[in-house]
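In the two assemblies presented below, chain A is common to both, partnered first by chain B and then by chain C.
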Partner chain A sequence: MVSSRWVPYLFLAPAILGLLVFRLTPIGIAIGGSLTGTSLMGDVRFVGLENFEVLATDPDFWRSLRVTLIFNLIINPLQVVVAFTLAMLVFEPGRGIGLFRTMLVLPMAVSTGLSAVLFGLFLDANLGPLNGFLHWSGIGAQPFHRSEHQALGTLIGIATWKGAGYWMLFLLAGLYAIPSTVHEAAAIDGATALQRFRFVTLPLMRKPLAFVLVADTAINFLFFAPVYILTTGGPNRSTSVLMFEAYRSAFTFTDFGRSLAISTVLLAIILIIVFLQFRLLRSPEDRA
Partner chain B sequence: MNAATSTNQVATFARYGALSVLSFIVVCPLAWLAIASLRPQGEIFQPISEFGWRTFVPSRITLDNYRALLAGDFPVALGNSIFVSLTTMAFGLLVNSLAGFAFAVFEFRGKTLLFVLVIASFMMPFEAIVLPLYVLVNAFGWTNSYKALIVPEIANGMVIFLFRQFFASIPKDFYEAARVDGASWLYIWARIAMPLSWPTIATSCLMIFLRQWDSFFWPVVAASSPEYSVVQVAIARNINFEQHNWGGLFASTNLAILIGTIPFLLLQQFYIRSLIADGLK
Partner chain C sequence: MSIIRRHFLQGAASLAALGAFGGAQAQGTTTLTVPWMAWPENQVRPLMDVYEKATGVKIAEERLPIDELFKALEVRLTARNALPDVYLVDGPLTASYAIRGHLLDLAPVVGSELGRYVPTTLVQGTWRDKLYSLPLGTSSQLMFYNKKLFAEAGIPLPSADPAKRLTWDELLEIAKKLTKPAISQFGFTFESVNPYQLLPLPQSRGVKVIGDDGFTAAGYVDSPGMIDVMTWYQQMYQVHKIGPVGTFQTGVTQEMFGANKLAMFIGGTWNLVGFAKFKDLDYAVAPHPYFAGGKPITPTGSWHIGINPRTSQMAQAQAFVKWFTTRDTMDLWFNLRQYPPSLKQIWEERAKTTFVDPAWAIVQHELANTATPRPATPGYREYESFLKIAMQDIQTGANVKEALVRAASSIDREMRKYR
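After this line comes the complex of A and B, so read on.
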């Protein structure tokens, strides 16, 4: 019989070991690996900050960073606005609302990879029904992810199709947490629906909205599968986000130093975001 | 009053109108894929210049594409995905519920620090560590094996958290009474705590299943050989827009989507509630 004092550690051991080895250690490997280089002979040596210095003068890296930032500056506010609109639309009970809500959250069970394959077919230039419709309506077929100018926008559209319903759920939970008496009091005071939204709902939704914005941003900085499946970073590097650049460095050019240096840059961004998220969740107002 | 009523009617009309349009945008691609996968092989390619009701309505419905799919090498990928998902689910349930139980029931040194590790592990998206994790798993000699796909995914911070929340909601007296009767903590976990927690078990199973079923980046990196390809990787490999086997691509994509969405639809009440109410508040 083991002493009770050790019981909690025995219960925790397998899970904590798993998290330490497969979640925490890779962070160390990213940082350590970013400080090493592999020579043509194949041996690994310590190179200090050389990988980062090379990155700093590498136009491909800067181009990729710019693409990633543009992507995030558009997609995150867009997804929050769409998710909030959806949440407002399905919030009040009504006939058939449950069915609408189920339809809107359905894409969260479709993986990002399969969403990409699905839209690759749906938007296809030869057999895609959307282009069929655009052709028929006289607007004319669009190249979508095949064009340098539309590819990033197309990926944003696909990711929003997939993600909006998921984030809607968190905002819906925030809306339910607002006591109905607050709305009733405002209505008795003669506030119009628009005024109630502006002065009651919006201020009370600041926390859930901020949470969704931050959590969504963390995920979108690591956007990968649709780029890999649909555009492979193109056309003309217009969709070469950092995560894809890191992947390509490792598996196309077997330059793990560069790959892990980009991973480290991404990790630093993500750690800042996770820290922000902690702050948001910890604050006492959230418990209200 | 009359004005107010008509304003209300307009608002309701606008609301249902907007919901119909948005739901259509969400469902249309999925419905189109599902229907097209039931067309005869030669009919799937509908040139955009011939757009019309025929684009959405097959001349006849057939399962030929699915039969051809199951006769090819897709079942290998299907089997891999199912094996990987179910194995991860079994081990994940065991390992994470034990940890959740420890966090909920015991006081011990280092509890806060370890709990922060748990929370941070699920707040940090997995994709952030895929490439360094590959370096690690490669050093273990695990690339292109089931181990690479399963072992790193067993410990799951979110599932630990869900179990902790549930076990903490059971009154402590319940556990203490069993202790007084001489039951071991392992017995209490297995025979008292776990049987009570079936909604959490169902949610966790779905969460682990969907995570493994849907994962793409990690399998592409860690197990890309055809022998160990999971469904997502196999489909991504077959995507070739100048091909002739449209039937296979449509049927496999639709099948993979259905296997992910059907358990989700069946369990969505539990799943969504845990995800939000327990998970992030």
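After this line comes the complex of A and C, so read on.
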């Protein structure tokens, strides 16, 4: 007869095994692999921090780092704000609101890769409908992802188009979780809509917002598919995010040491930023 | 036994039986796994069908688009497994695969047949005097032009005589007259934007594109001569606007030519087959242009086939590769893709039939006089990747010098592993 003390751990075991195999082991391999180099004939040897030293003097890496940070600095707040705005807009019941909610969430059904291909055609300089419309309306055709000044913005736009609906769902659930009695009490006390938003909605949305921000940040730091499909890091390295550099090092140049070193740096950055986000979004009660 | 447990065991037993049955089937026939280019199925399957029917060996070709093919090969070869058995080798990458032990020395396999080959076609498959990959053909480029658009503009048609080929300046002038933005018509473009297509530009001016050791890009890829030529190239698209900017997807430039939206197009001989599907297209060919005062240079080199030394089916792999030296196979392959043949026999047999076409007269001249293979270096993957990105950036308007300097330093960084 199994002692009842061990039963909870047995129930946890599959989940922990999954965490170990699919999360911790690859991270361990990545960090360990970043300390190795491979010879032409495939022999792996330990090289210590050499890969990181080479990265530190590599202008391509610093460029990637800058592009990744700028990309995330813009897209994370942007997506959260857009998702929140959409959630607020579709929160109020009304005729056809279900239709709007569905349409906003629909981009989620398209895979990231496919949406990149579709936008590639949609935004094409010669054949794309958007440029056709811009030309007709007098604004003039735009190069979008073929211009080093517009490419990053274009990718931000595509990612937001795809992700806003998805995050909106979480925030919508958060809005629904706020008891209507609290809103009514505030209204009775004479609060305007704006005051209700600031003093009732926002504080009570702290946890859903924290979740969305942290999850979105982690996903956006790993942004890859549209870069690979649409811009291959260009034009002029303007969209060369760290994930793409890591991919190219591994699969075009089979320089796995460098690729894993970049992945390790990316992991460290994400951990730091997520930690900071959690600290900043702690509610006052937790801080005590 | 409980009902659920009984059903589970029954299901498992039937799956196991199916598996064993399937396994027994597979043991009967050998299958060769062969990564291949994503050419249209009707240009690949007929070839493999012939081999399958003749020998009973199944060929499982995986047709992958060019970028995916290279990446898939890198991943699989780096794993140093028994797969793939045989694979398509991009000519200039032979050295890169050979130096890392991914190709079998083919001397014992096809050594006796090499005398039947056009000698220049074997060059790219050779590394340190050993043949590691067998050429399936070579390549050459032609200038295709739209007779209707020329007639409408009243411009005399370019000559098909290699001695009278256009200079780049002449082509520029003609292209300007044939560019009509109002109807989305362009005067000229290259089929693709990559080193294979564009290195002839600096080479025509005598610019060296890589160091003699085969590993140094700084001072060559970013030399003043290279910057000059690539600036001229950029101006075609950004200043004179004679071609579509940023069109890098394969096939789009071909479609534009087929739709009568492009007056002049420099592309490979495979277009002689590919353009047949455009019923409204009336085209002719002329030789590849050159820089006045320089030498005419044309791209060359094509796909080869090689054997993974670790294959578990060595005898069948070798037999398959040897089959590609036969006259019938190469003749069928020519019918399918029209790559200039690497076997002398095909040239001789068709001298009075296929090759009387003016296009082939030009091709023969180019192959004998102007064809210049790409730089021979084990670091060709690295060299080509960065230079291709630089060329695409330059076409879309990046600062030429910066793009080339950056490409050179990135190439040199990745070449460290070979020095």
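Just so it is clear, the second predicted complex is superposed on the first by the 242 of 288 C-alpha atoms of A that agree within 3 Å, B and C clash if a C-alpha of one lies under 4 Å from a C-alpha of the other, contacts with A are read in each partner's own complex, and residues count from 1 in each chain.
Methods note: contacts are C-beta pairs under 8 Å (C-beta built on N, C-alpha and C of every residue); 3 or more make two chains touch, one makes a residue touch a chain.
What you are looking at is a predicted structure, and each value in this text was computed from that prediction instead of being measured.
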Could you tell me if A:T254 is touching chain B, chain C, both of them or neither one (first, second, both, neither)? second
For A:G113, decide between first (touching chain B), second (touching chain C), both and neither. first
Thinking of the overlay built on chain A, is A:N126 touched by chain B (first), by chain C (second), by both, or by neither? both
Max touched-residue count on chain A (chain B vs chain C) belongs to chain B
Identify the partner contact of A:R237: answer first if only chain B is touched, second if only chain C is, both if each is, neither if none is. second
One more residue to check, A:W136. First (chain B), second (chain C), both or neither? first
Go through the superposed model and pick first if A:P59 touches only chain B, second if only chain C, both, or neither. second
Could you tell me if A:E148 is touching chain B, chain C, both of them or neither one (first, second, both, neither)? second
Once the shared chain is lined up, is A:L89 touching chain B (first), chain C (second), both, or neither of them? first
Is A:V227 in contact with chain B, with chain C, with both, or with neither (first, second, both, neither)? neither
Could you pull out which residues of chain A sit against chain B in one structure and against chain C in the other? 125-126, 251
Note: in the complex, chain B contacts chain A through residues 11-12, 15-16, 18-19, 22-23, 25-27, 29-30, 32-33, 44-52, 55-56, 94-96, 98-99, 101-103, 105-106, 108, 111, 114, 117-121, 123-125, 127-129, 131-136, 151-155, 157, 160, 184-185, 189, 210, 213-217, 220-221, 232, 235-236, 239, 241, 246, 249-250, 253, 256-257, 260-261, 264-265, 268, 272, 275-277, 280-281
Within their complex, chain A touches chain B through residues 1, 4-5, 7-9, 11-12, 14-27, 29-30, 33, 86, 89-90, 94, 96-97, 100, 102-114, 117-122, 124-129, 131-133, 135-136, 141, 161, 165, 169-170, 173, 193, 211, 215, 218-219, 222, 224-225, 228-229, 243, 246-247, 250-251, 256, 259-260, 263, 266-267, 270-271, 274, 277-278, 281, 286
Chain C to chain A touching residues, read off their complex: 70-71, 74-75, 78, 80, 99-101, 184, 244-247, 381-382, 385, 389, 392-393, 396-399, 402-403, 406, 409-410, 413-414, 417-418
Applying the document's contact rule, which stretches of chain A touch chain C when the two form their complex? 40-42, 54, 58-60, 125-126, 143, 146-148, 232-237, 248, 251-255
